[in-house]
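The structures considered in this document are given below.
Two complexes, one shared chain (chain A), two partners (chain B, chain C).
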Partner chain A sequence: MSRTAGANTAVVVPAMLLVLWSVCSAKGWLPDQLLPAPSAVWQQLLENARSGDLWSNTLISLQRVGEGFALGAVAGLILGACVGLSRTLREMFDPLFLFVAQVPTLGWIPLLILAVGIDESMKVIVIAWASFVPVVLNVAQGMRDVPAGLRELGQVLTFDPWFTLTRIVLPAAVPQIFTGLREGLANAWQTMVAAELFASSEGLGYLISLGRQLFQLDLVLAMVLVLGAVGLAVNGGMALIERRLLRWQGSVRGQAA
Partner chain B sequence: MGRVFAALWLVFALAVTAQAEPLVIRIGYPGVGADNRPFASGDIVAVAHAAHYIEDEFAHDPDIKIEWTFFRGAGPALNESLAAGHLDFAAGLGDLPSIVGRANGLQTRFLLSDKIRDTIYLAVRPNSGISKIEDLAGHRLSEFKGTNLQLAADRVLSAHGLSERNAKFINLDTGSALAALNGGSIDGTFGSIELLGLRDRGIVSIPYDTRAEAAKFGRHSAIFVTTAFEQAHRDIVQRVVNAFVRAARFGADEANRKAVFALWAKSGYPQIAFEEDFNNERLANRLTPLIDPYLRGRYADLAVRVREYGQIRKDVDVPSWFAPQYLETALKAQGLEHFWPVFDAEGHKIADGDVERTKVAGQ
Partner chain C sequence: MSDVSLYGPTREELRPLLSPRVRPIVLGALLPFALLLGWQALVTKHWLPDYILPSPRDLVLRFQLEVNGGRFWLDVGTSLSRVLCGFAIGSAIGLVFGLLLGLSRLAELLFGPLFLAYRQVALFAWVPLLSMWFGGGESGKLAFISLSAFAPVVVNTWRANRAIPEKLRELADVLTFGRLDYLRFIALPGALPGIATGLRTALIYAWIATVGAELFFDIAPGLGGRLNEGRDKFEVDLMLVALLLLAVLGLVCSRGAAFAEARLLRWRGR
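Right, the complex of A and B next:
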């Protein structure tokens, strides 16, 4: 009951926006060229779905995000764990890393283009970098912030380092690690659009830039809706995995306690 | 005496305020020069802007100001600005963006032509293995989407049995395409005279251009006014057209060839590039303001092609777009009715023009 009520409430604001949008374009408050009618956007979406352009471009974008995120997340997990576990490494890397992390991902694009060109590798690297940064920061933080009491418990039970890592540090850090992964995935998705807007011949971001060049705001809005929907789905999938893993983490903690 | 003076002041002040309805004529141009210089090049508008023809026309109207905006984003960006109501005139807008704008409901009138039969060049990296249009298949190329370059490139490709789908076309503006060619991240691009400089530095070769087939593949641009501005200020529209026609008269005259190239060079592109682009060609071949059967035929044909290429999804009514009365008035007033040659829809000359007898200065 409360679940359906929640779902109903969640629909209220989007429905209101849709009504406002319809009224806005029906009354001509904004010129058609700047705000096309919802029906035009829907039509555009259907046409793209029918021609297959929608699927092929969505797949390409997903593939780029998948590759970039996998690369960035794995590298981020490793470096984050190293920095989180070793005080020496932390002291060596922290200032440099914090400095580099201040530069917005898109700021690296000009340099990257010089280094690797504008092909797939540029997009994948940019996406990887965008997901790498939050993963490193959160993983390191999570591993560092394991409650002192748990560590002491390990010492009392004379756990070896490997046992301490797998039975105490990792389980305690999982929530924070997932915060990093979720943030990284969101970054990856957003950066994909920016990278595709910039220089590409396919992908959802490309369709948006094409729509802009050909003055088809309905195409732009249609792709914005697709981006939002797919992003939401990807994020939802991540949350699902996280819930499962947290259940496991909870039981481990139960054992340890 | 002091009283008389004060009274005179009062009368003067009243007269000024009665008249002072300051009007800004906002003109947009779809492009920038080298390094984003706010200058046009290669067309009638570039002559009018660089030599202040519009400003001179309104020199004695202190309440009328002229404001030029140059869009690095070219025609697509200019269209957005038109839609937002930020412009009164679109000067030099290319065929594709103007047709796209009209298909999407932008209310404009077609006042006069700015340039016809304009060249497009194909520039490629020397090691790309591309020596003709057919070789482009499978390569990574760039074009400035939504501009008249895209439409001309599409027509060239389809005449050689290809389409954009046969190669990877990424969307880059003029400056970015030069950087990408320089850095080797694309194999080639379709563009205009800015590519000649890269070739001279040995960075690209130019295996193809449309100069030999300009009547078939040439690009067009024209000068438009918004319907709203036209309805409110017909007299001003007439005067703006008068000024553009004067600039066209100057720009088409072979006696001014050097001077015209010098004006265009304010864009930052060197005069030798224009000399090469117009080699063995009269300026008037491209710089004509006429709305003749040829121009009408070209735009009617282009509108159909743009629809075929899927770049618009509604048919465009071309004949009702033209508002030639301003041009005709200006030509008559300046005695230029027979200055430019007239061509039929197929591109055959049906009337000679006086301009064809003009000679390069010093010859």
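Right, the complex of A and C next:
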């Protein structure tokens, strides 16, 4: 089947759902409190875009994700590298870290609220922790899993530790490091929504919980759409950066194999 | 592992201070022990008031109180049954949907893009919708947990089916397998590793979603509910006990799932 035919088929089901949805609400089969009309959702989206609420709240959410992720990723890279490079440190950290990491991130929110309040810092800390965990795990794993052949090559060439780290270990670990960063960003995004639902007065999650409190499902659905779109953009951006940075790998790996 | 090194003795061989069996245990206990010591010091020196940081002993007492009072088992049992129910519902639907996407080209074209679009939305964004559709009680919680378990199973089942080697498909053609035979002898066994990965991930997601559901939906028995209760009453000891239990149960969930996965795939090793 050709590409365009595939794209056409992809539209069929969403289009049918949309028609069904419109008919449902036009005939009044479902009350607006349960499922508002698609036009109402669209209207809500336009209104929020026009008044600027949409942009300001999206920006705040993105800023929280950015700050939390930056914090968590940097800390995760450092700890992950330490744990990945030193067996002693790994044996010291692993049990405690793996145990603490079992607590779902959201579980920390109530305690954190008591400790630092419900302000910005609570959200940033939770988001940072959410991105920290996968970064540590993957960075450590990646640095440990450097092929023995490459390490031996370094020894044969009498590389000093620094040279070994920068020329052998880091490049070999880059794919796994990226896996960690990607997972960390995804976690940060998920956690941002949860933290904003829990307690906030701005942000996309706040708009969703506002819609819930006012029984305005059209606002809720509109913001769900926005969350999906922004999430897609963020993931796509990350994938793009990853592909650019890993472009050299194809050739190197190919030759090594 | 080779013990012979071309480059002289390694550091570990030079200093056999601890035997390799004891070493990880000693080192692993070091940090928690130091933490406990520091915590106790904080409390005994009264650097932090009791209501902000209860002593380790308070925690043990609180734990005993919860166990003896009988609420503990109710909370743990409720949380666990929620995870398992939601996981069962979500992964069963996910398995069917994933197989459909993996087996039928048409279904993939029709539903694949829609599913991928759905996955872009953060899971917790569905909380308000679900609580309106299913209510804030038990059915709303279960709907949310099921939804969280659904996606990983679909993705992994779908991908695993797509990755079944062409040779096996041809074999099925040669043997003139019907659809059911293909499903039973080729698709399911071939995709089993992927499906197992999906189920394991789904169980972890379901666990996260359970805690989320207990925090976000109506208050009811369950560990997440106790966390909220601790916050409302400012009982840090209760919150810390609940968090410790969350960690233990999370460990049980992930270890149990990994164990089940290994058992399920054991025949492949032969």
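Following the convention adopted for this analysis, the second predicted complex is superposed on the first by the 217 of 257 C-alpha atoms of A that agree within 3 Å, B and C clash if a C-alpha of one lies under 4 Å from a C-alpha of the other, contacts with A are read in each partner's own complex, and residues count from 1 in each chain.
The definition used in the following text is that a residue touches a chain if its C-beta (ideal position, glycine included) is under 8 Å from a C-beta of that chain, and two chains touch if they have at least 3 such contacts.
No experiment lies behind these values; they were computed from the predicted model shown.
Legend: residue contacts after superposition of the two complexes on their common chain; A:Ile118 is shown touching chain B, with no touch to chain C. By the touch criterion defined above, A:Ser201 reaches chain B but does not reach chain C. Legend: residue contacts after superposition of the two complexes on their common chain; A:Leu232 is shown touching chain C, with no touch to chain B. When chain B and chain C are set side by side, the one touching more residues of chain A is C. In the overlay built on the shared chain, the residue A:Thr88 is in contact with chain C alone; chain B does not reach it.
In the superposed model, A:Gln102 makes contact with chain C only, not with chain B.
In the overlay built on the shared chain, the residue A:Trp21 is in contact with neither chain B nor chain C. Shared-chain residue A:Leu34: touches chain B and chain C both.
Using the contact criterion defined above for the overlaid structures, shared-chain residue A:Ser209 touches chain B and also reaches chain C. Residues 33-34, 113-114, 209, 212, 215 of chain A are contacted both by chain B in one complex and by chain C in the other. Of all the residues in chain A, the ones that touch chain C in their complex are 1, 6, 9-10, 12-14, 17, 33-34, 87-88, 91-96, 99-100, 102-111, 113-114, 155, 189-190, 192-194, 197-198, 205, 208-209, 211-212, 215, 217, 220-221, 223-224, 227-229, 231-232, 235.
Looking at the complex, you find that chain C touches chain A at residues 7, 12, 23-24, 27-32, 35, 52, 105-106, 109-114, 117-118, 120-129, 131-133, 207-208, 211-212, 215-216, 224, 227-228, 230-231, 234, 236, 239-240, 242-243, 246-248, 250-251, 254.
On the side of chain A, the complex with chain B involves touching residues 31-34, 113-114, 117-119, 199-201, 206, 209-210, 212-216. For chain B in complex with chain A, the residues that touch the partner chain are 76, 79-80, 83-85, 97, 100-101, 104-106, 140, 142, 145-146, 168-172, 176, 180, 183-186, 311-313.
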